[in-house]
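Chain IDs A, B, C and D follow the sequence of writing; residue 1 opens each chain.
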Amino acid sequence: MSFNTFGHLFRVTTWGESHGPALGATVDGVPPGVPVDAAQIQHWLDRRKPGQNKFTTQRQEPDQVRILSGTFEGLSTGTPIQLMIENTDQRSKDYGDIAKSFRPGHADITYYQKYGLRDYRGGGRSSARETAARVAAGGLARAALAQLAPDLRISGYMVQVGPHAIDRARFDAAEIERNPFWCPDAEMAAFWSGYLDDLRLSHNSVGAVIEVVASGVPAGLGAPIYGKLDSDLASAMMSINAVKAVEIGEGMAAAALTGVENADEIRFGPNGPEYLTNHAGGILGGISTGQDVVVRFAVKPTSSILTPRRTITTAGDEIDLITKGRHDPCVGIRAVPVGEAMMACVLLDHLLMDRGQTGGVRGQIG
Amino acid sequence: MSFNTFGHLFRVTTWGESHGPALGATVDGVPPGVPVDAAQIQHWLDRRKPGQNKFTTQRQEPDQVRILSGTFEGLSTGTPIQLMIENTDQRSKDYGDIAKSFRPGHADITYYQKYGLRDYRGGGRSSARETAARVAAGGLARAALAQLAPDLRISGYMVQVGPHAIDRARFDAAEIERNPFWCPDAEMAAFWSGYLDDLRLSHNSVGAVIEVVASGVPAGLGAPIYGKLDSDLASAMMSINAVKAVEIGEGMAAAALTGVENADEIRFGPNGPEYLTNHAGGILGGISTGQDVVVRFAVKPTSSILTPRRTITTAGDEIDLITKGRHDPCVGIRAVPVGEAMMACVLLDHLLMDRGQTGGVRGQIG
Amino acid sequence: MSFNTFGHLFRVTTWGESHGPALGATVDGVPPGVPVDAAQIQHWLDRRKPGQNKFTTQRQEPDQVRILSGTFEGLSTGTPIQLMIENTDQRSKDYGDIAKSFRPGHADITYYQKYGLRDYRGGGRSSARETAARVAAGGLARAALAQLAPDLRISGYMVQVGPHAIDRARFDAAEIERNPFWCPDAEMAAFWSGYLDDLRLSHNSVGAVIEVVASGVPAGLGAPIYGKLDSDLASAMMSINAVKAVEIGEGMAAAALTGVENADEIRFGPNGPEYLTNHAGGILGGISTGQDVVVRFAVKPTSSILTPRRTITTAGDEIDLITKGRHDPCVGIRAVPVGEAMMACVLLDHLLMDRGQTGGVRGQIG
Amino acid sequence: MSFNTFGHLFRVTTWGESHGPALGATVDGVPPGVPVDAAQIQHWLDRRKPGQNKFTTQRQEPDQVRILSGTFEGLSTGTPIQLMIENTDQRSKDYGDIAKSFRPGHADITYYQKYGLRDYRGGGRSSARETAARVAAGGLARAALAQLAPDLRISGYMVQVGPHAIDRARFDAAEIERNPFWCPDAEMAAFWSGYLDDLRLSHNSVGAVIEVVASGVPAGLGAPIYGKLDSDLASAMMSINAVKAVEIGEGMAAAALTGVENADEIRFGPNGPEYLTNHAGGILGGISTGQDVVVRFAVKPTSSILTPRRTITTAGDEIDLITKGRHDPCVGIRAVPVGEAMMACVLLDHLLMDRGQTGGVRGQIG
């Protein structure tokens, strides 16, 4: 079975392969009356775009989005919005040598086993290129959120590359846009730069941890028991290529805390309930508390490396394989805007579940 | 809420408006390994294509389908297949005069009330043009059915135009492709031709009844209680523009039958159980019996007519409106291939629910 | 595949067999704060209850509903409401003789073919007894509608038994509760009484047509394209046991109308747009217009009759079968409250899709 | 919106509150012909049952499951199976003092904010008592898996309590059932015993990490892109009460690995492809590889502790609250069987997606 849609009321179906003519997202459930234009979505795509620096794949894709449906005179109409991105720089020849062998760490072998055939060019459907469609859909989600929850802000950044984590004391939000790593710690960004250069030159790669924070999230979002906000976020983040773990608030560290430490005590502030800490990551019982929603996810190292690894072929041979191509030494870097996009989609979805999509009769006559 | 997807495992999301840049279908759940090519899908689209004779809208659309994803070397890969049809002959100027008035019998007023704004050009999303996407998706469904249930055949035809029904005694399947009405009764087809000419000249239109029959349907399809085969067919056919009723087997006439008459008695034939009649239309308890699945649906008369009708405007005025444009005197004609497409989609969906989509490990190694 | 849930946001999962220990409905999506008590749901169940007169099955079931979850201090909490009805008068021995033979017109053969085994006692899951769970769920839907759309009223009644239809000129809503047929035409009710007596004595049965009308429906309900209000109603009604056709507004008769006749012209009335007719049955483009929503469905004659019918057995024998048991001569009678319940469920579901379920933060602190 | 169902084809809807009359699971999608009996499900419930030792809540619940539907003569029929567990030892009086105050770390405040009212008795719907229904459903899933994938084994155990993790070198599967912690390291189990005693006496609690491993999982399970096996596992585990993080394979540690280290190299073994390591946790591109599927999740410390914590009341007061009641010092202990149950449900669901539920015509006639 294929299952290419996520979301309950805000439903995003992504489609397309790394080297097909195009890819995109069919986005159903955008409320009517939301200002939508291609330039605005392009803004988010450009952040994710490959080839912008030496730390991401050198594939050159303009990733130009076209809106094919669902808007009229600049506003969403409540009908599906089709976002299409044409592939241009495909270089399928690069992949001829992996047509019949399975790159370790890639989905080559599992797609082949499951489906019996696979589009091996650039990983086909399993390529991280699919995330461009998510980022485009996330742009739509942000546009709707700007209307429905104007105080909501989403910010993603890298907090760890390999074993090297940022120093929270040096956290500076302004730094995030200033370095190629979306790193809020300028000093660590400088260190990563050299570290990744070395890795690349030694034909290696490394993993990373990304944190995405949403502030201004209304209290009350989340659909217990099986559409909990954290459950949906876990699913959304884990569906991103190469992600191996998802944390909410304290995450794995919660295991080591005591109940006394972990309790987010509550008092009143000027605007109502105020939590003294946020170990919970803004979610209790699957429902948002109004605090920052804090999600982290770990991305494994890029599997495509120039160091030979042992593997097998469809024909049954054992070989050593070097994966050529234009790959990111740290695929986590490009996951930052993807994580932000998933956060935006999940939050909008839950907001719509609470409040409906059209809000009753909208058009007045006479 | 917008809800532009149908199907359980074979999921079709249609998108696009009558006068946007393009429309299409995002088709998820096609099993891997199905031969898919644009020409084959084009075949079904050409049957539905407008402007082919004087009884259907004179809009000239090549309705050329492009496959943007989900196939590799001519076979489906198990990933979403994007089918796009670009709009070319849009003539939006024809619709300027209805931007602010509501055509009686159309969705103009309800879309406006629901969404607060609408793409009025050609009916926007509510245009019957959306059914082109269904027909394209139906072409994919047929390709998959050809593999999974090779004996399955689907045939749609008109059985009534206005009050004039065919004579079942003259039923000749070979006639269906020979007249512009998909009519299996040559004599009635000739009569309809004159009848519709008269209606058109008098600025009027008329309704119709379409029957769609599937033979060679395996026994056992249907997911009781709320995914019954007939329940899903009813939903599918009722979702077609202008459809006001759906019948299975005897349909409304079942009310007038006695239990003695209506019983489809069972004996054994050379290939197992054999029913002596088919009042049930091939479905018992929501599950296929192996007999022909017989569905009929009634299409209301085209609402766009050149006779003035009373209506109102968004500004609150009462006016008399003539709906110009290029409209079908009997929109039912073009519903025939659409009904066939929906039948194909529903049957494939249920076949996949029974048997799964990948059938376990498919790719053998070594 | 089994598919026992209906609804998008108001989701009803029915469970249970005719002769198991209990049956019921798991109802998810009731908004919080709705007054819910068992007596109120019991009211609707009592209307459907078998054994109330000689025209319905003589099985005596108290059909006592118990609420096992989802309410607190008399109000819904927004969590799933479990409605359980215990089976008491099961007489499984009546069904021993059909354990290995297939009653014509029943789901016996298709369940057997699909699942390889079946609970043959009283039809098991395919029994019309399952509709008790729907009626209970419909009671919940009505309670929620009473809060969300207080002017909404739902009324079901029989308009045809066998070939004998009511005279619309004699329509009197007050009559509906006064006869065992939910017939709005007293004269026809009296006629049906004798007619059904004769049928029963001659070991026969007959079909019927039920009409369900909802007034006070807000404009704007419906989720085009594939969750249209009429599409969902068609699915809901077709899922009721023995239903073979569903009509909206003019239904099949729409085929015989011209566009001039069928146009529901619009003017202004004291409360906004006013339609001069209602051929559409209150739905345009899948969205409610604010007029009465009018649905009709045809129920086939009871298949269980005392007249022998030809059939086969699991062992491969051809036999003649008389279906004993306690059966309704016209199963359509008991379908009336079921049709009403389905209407209530579908309308609530669409209301919630438009307006959400919790409507944002509800609980105020301090 | 409430969302109490999980699964695609194997769909489990849990219902019930901590102190209502009963709770349970409505399980739809069990394939027909699976041997099902209450004793077998009871086995799994007994493992989770509270009050079995001093480390879990002292509430005494027999947790006796009743099967109300969906089976016939000991076999599943393909219809919904209703599993009901009656609540007996409810002691609602214990909770009177928290009716109007919000326990820190609990869902009290968010349920109140979302729904405007809440069943405060024992946490109502948000109580971990809901997980009994999951364990019952998991028992059904295991029964089906025993038929469909007989080599599949699922084993859950604790690997960390507070900061104290097991020593993998001492891992002994036989130990798991021998201590109250499902701990595979006997030495660490002994240590935890004293550690937890101390915590309890000091009115404190602590978090934990649970690992669940499935061996014998067929290759090819998983529905990319948004129904990936790991994505569904993340969602399933994160939906368990108090879970704050989910890891697959290396999990968070993947971030610190290099591509050379992390590559799971492939060679051939006697039964086909053989991976030399399992950093991936048995899943590549969202699809199972055939290796062990390895999931870990972190459970936060029990929030109900006897140490006073600052909080607020519905009336707007600031108070210090001690949460009395019968609570687990380490709620993670009882999460072990829950994690196993979720693993079983997710794997069955994916197996059915691949292979269908009925597999075509099952019942042979003659």
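By definition in this document, a residue touches a chain if its C-beta (ideal position, glycine included) is under 8 Å from a C-beta of that chain, and two chains touch if they have at least 3 such contacts.
Each chain and its UniProt protein: A, B, C, D = Chorismate synthase.
Everything quoted here is computed from the prediction, not taken from an experiment.
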Touching both chain A (Chorismate synthase) and chain C (Chorismate synthase) (chains): B, D
Interface residue identity across copies chain A (Chorismate synthase), chain B (Chorismate synthase) - same or different by half: same
Chain centre separation (chain A (Chorismate synthase), chain D (Chorismate synthase); CA means) in Å: 27
Cα-centroid distance, chain C (Chorismate synthase) relative to chain D (Chorismate synthase), in whole angstrom: 38
Between chain B (Chorismate synthase) and chain D (Chorismate synthase), centroid-to-centroid distance (C-alpha), Å: 45
Shared-contact residues (touching 2 or more other chains) in chain C (Chorismate synthase): 1-5, 9, 14, 79, 109, 113-114, 125, 219-220, 224, 268, 273, 312, 316, 352-354, 356-358, 361-362, 365-366
Chain A (Chorismate synthase) residues touching chain D (Chorismate synthase) - in the complex, by the definition given at the top: 1-6, 8, 14, 102, 104-107, 109-111, 113-114, 125-126, 130, 160-163, 199, 204-209, 219-220, 222-228, 230-239, 241, 244-268, 273, 276, 279-281, 283-290, 298-305, 307, 309-312, 316, 318, 332, 353-354
Residues of chain D (Chorismate synthase) that touch chain C (Chorismate synthase) when the two form their complex: 1-5, 9, 11, 13-17, 20-24, 26, 28-30, 32-33, 66, 68-70, 72-73, 75, 77-82, 84, 109, 112-119, 124-125, 312, 314-316, 352, 356-358, 361-363, 365-366
Partner chain B (Chorismate synthase), residues of chain D (Chorismate synthase) touching it in the complex: 9, 79, 218-220, 224, 268, 272-273, 352-362, 365-366
